[in-house]
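In this document, chain identifiers A, B and C correspond to the written order of the chains, with residue numbering beginning at 1 in each.
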Amino acid sequence: MPTTAPTTVAPAELRADIDNFYAWHMQLLDAGRVEEWAGAFTSDGVFDAQGHPEPVRGRENIRSASRAVADKLAEAGIVRRHWLGMSHISPGDGNVRVVSYALVFQSSKEKGTLLHASTTCEDILVPDGGSWLIRERVVRVDGIS
Amino acid sequence: MPTTAPTTVAPAELRADIDNFYAWHMQLLDAGRVEEWAGAFTSDGVFDAQGHPEPVRGRENIRSASRAVADKLAEAGIVRRHWLGMSHISPGDGNVRVVSYALVFQSSKEKGTLLHASTTCEDILVPDGGSWLIRERVVRVDGIS
Amino acid sequence: MPTTAPTTVAPAELRADIDNFYAWHMQLLDAGRVEEWAGAFTSDGVFDAQGHPEPVRGRENIRSASRAVADKLAEAGIVRRHWLGMSHISPGDGNVRVVSYALVFQSSKEKGTLLHASTTCEDILVPDGGSWLIRERVVRVDGIS
């Protein structure tokens, strides 16, 4: 959880950049474009999601793990929407730490729309040209531990 | 869904403007002030919402269609909250394209608060003095097609 | 509800500041760090939450009231996530008025994650060094009146 004082830690350009980055990133995931989505991780990026037996290491492994999930959802006729919000942005030395909440909503013809999960999401972002790459993502699911 | 690379496409002032615009716009709708809400469309604006038999064309028609919905909700003692988020902002040539997610929550004394719908919302905004007008809005509802 | 025209009322730096402030503030509350959370109110701050018999006045009273709630939730194994969003920011004379929506999600091992409440949140913020303090917060719960 937040470790910095409530000072002005994130300049406006950084906030605008990161808001747009996450919108782009999550819309790709939810559209099933997981190859592009996974491209937002560094080649040695780590995705540590609670519920998985262990963290997924490396962009290619993140890609294939996501492909498997996306295919399963598509077959089941399920659309997910990942909402990232309440993001606390802390610029660091050559990277940016973003601690957010994330909600996952799930829709299908059969069941309508349901809240699927509430989580926290801690990212370490590194600059990459004019954009960002995710070096590490830690997702913890509320209510399961 | 997003068509631009994850580059820095939205300057900070634009993001701040648009965030405030949507907050103002949705709060008007949910307060039943649909006349002012509809005023945020261009006079020839189009509101294409899935579930409606066809797109509503022109500010005055958008206004009257919205009045009818608002009156029905008020009679039924229902309050709606429209949350727009995960907005991906792409400045274009004389306009701005914003692709967002939107959630609708619905509250009443009888049923408490329920998630009513998860949607996508694609807007084309055009500048209007210091603010924005909506030239086209396309809303697609998750889980119904 | 919004009282200003949809003009550019909030400069980008202000929006970025306030977004980060609320993320920090709500993450503290949900982590049970209510002492630090209450520190974001002015010493004579007022927290007027619907459902409470009367407004809580003064930072120390806000602190102890929050401690009691946090302890009860911790004992019951409940995690809450406060999402503040759709914030309309209106800079005033020496202060800033922020009218937002807020959702409360609640998770536990027994019941999973549920939407607990939909509310509006009207804050008067005053500058404090590089950050903000809350002088007045009015929370109204949808569907109970």
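Everything that follows uses one rule, which is that a residue touches a chain if its C-beta (ideal position, glycine included) is under 8 Å from a C-beta of that chain, and two chains touch if they have at least 3 such contacts.
In this text the structure is predicted, and so the values were computed from the model without any measurement.
*Asks:* Interface overlap for chain A and chain B, more than half of numbers shared or less than half: same or different?
*Replies:* different
*Asks:* Fitting on CA atoms only, what is the rotation between the copies chain A and chain C? Please report it in degrees, nearest 5.
*Replies:* 120
*Asks:* Using CA atom averages as chain centres, what separation in Å is found between chain A and chain B?
*Replies:* 25
*Asks:* Where in chain B do residues touch two or more of the other chains?
*Replies:* 12-13, 15-16, 85, 115
*Asks:* Report the residues of chain B in contact with chain A in the complex, numbered from low to high.
*Replies:* Checking each residue of chain B against chain A gives 1-2, 4-16, 85-89, 99-101, 103, 115, 117-118, 142-144.
*Asks:* Any idea which chain B residues touch chain C in the complex?
*Replies:* Touch residues, chain B against chain C: 12-13, 15-17, 19-28, 31, 33, 40, 79, 81-85, 105, 107-109, 111-115, 129-132.
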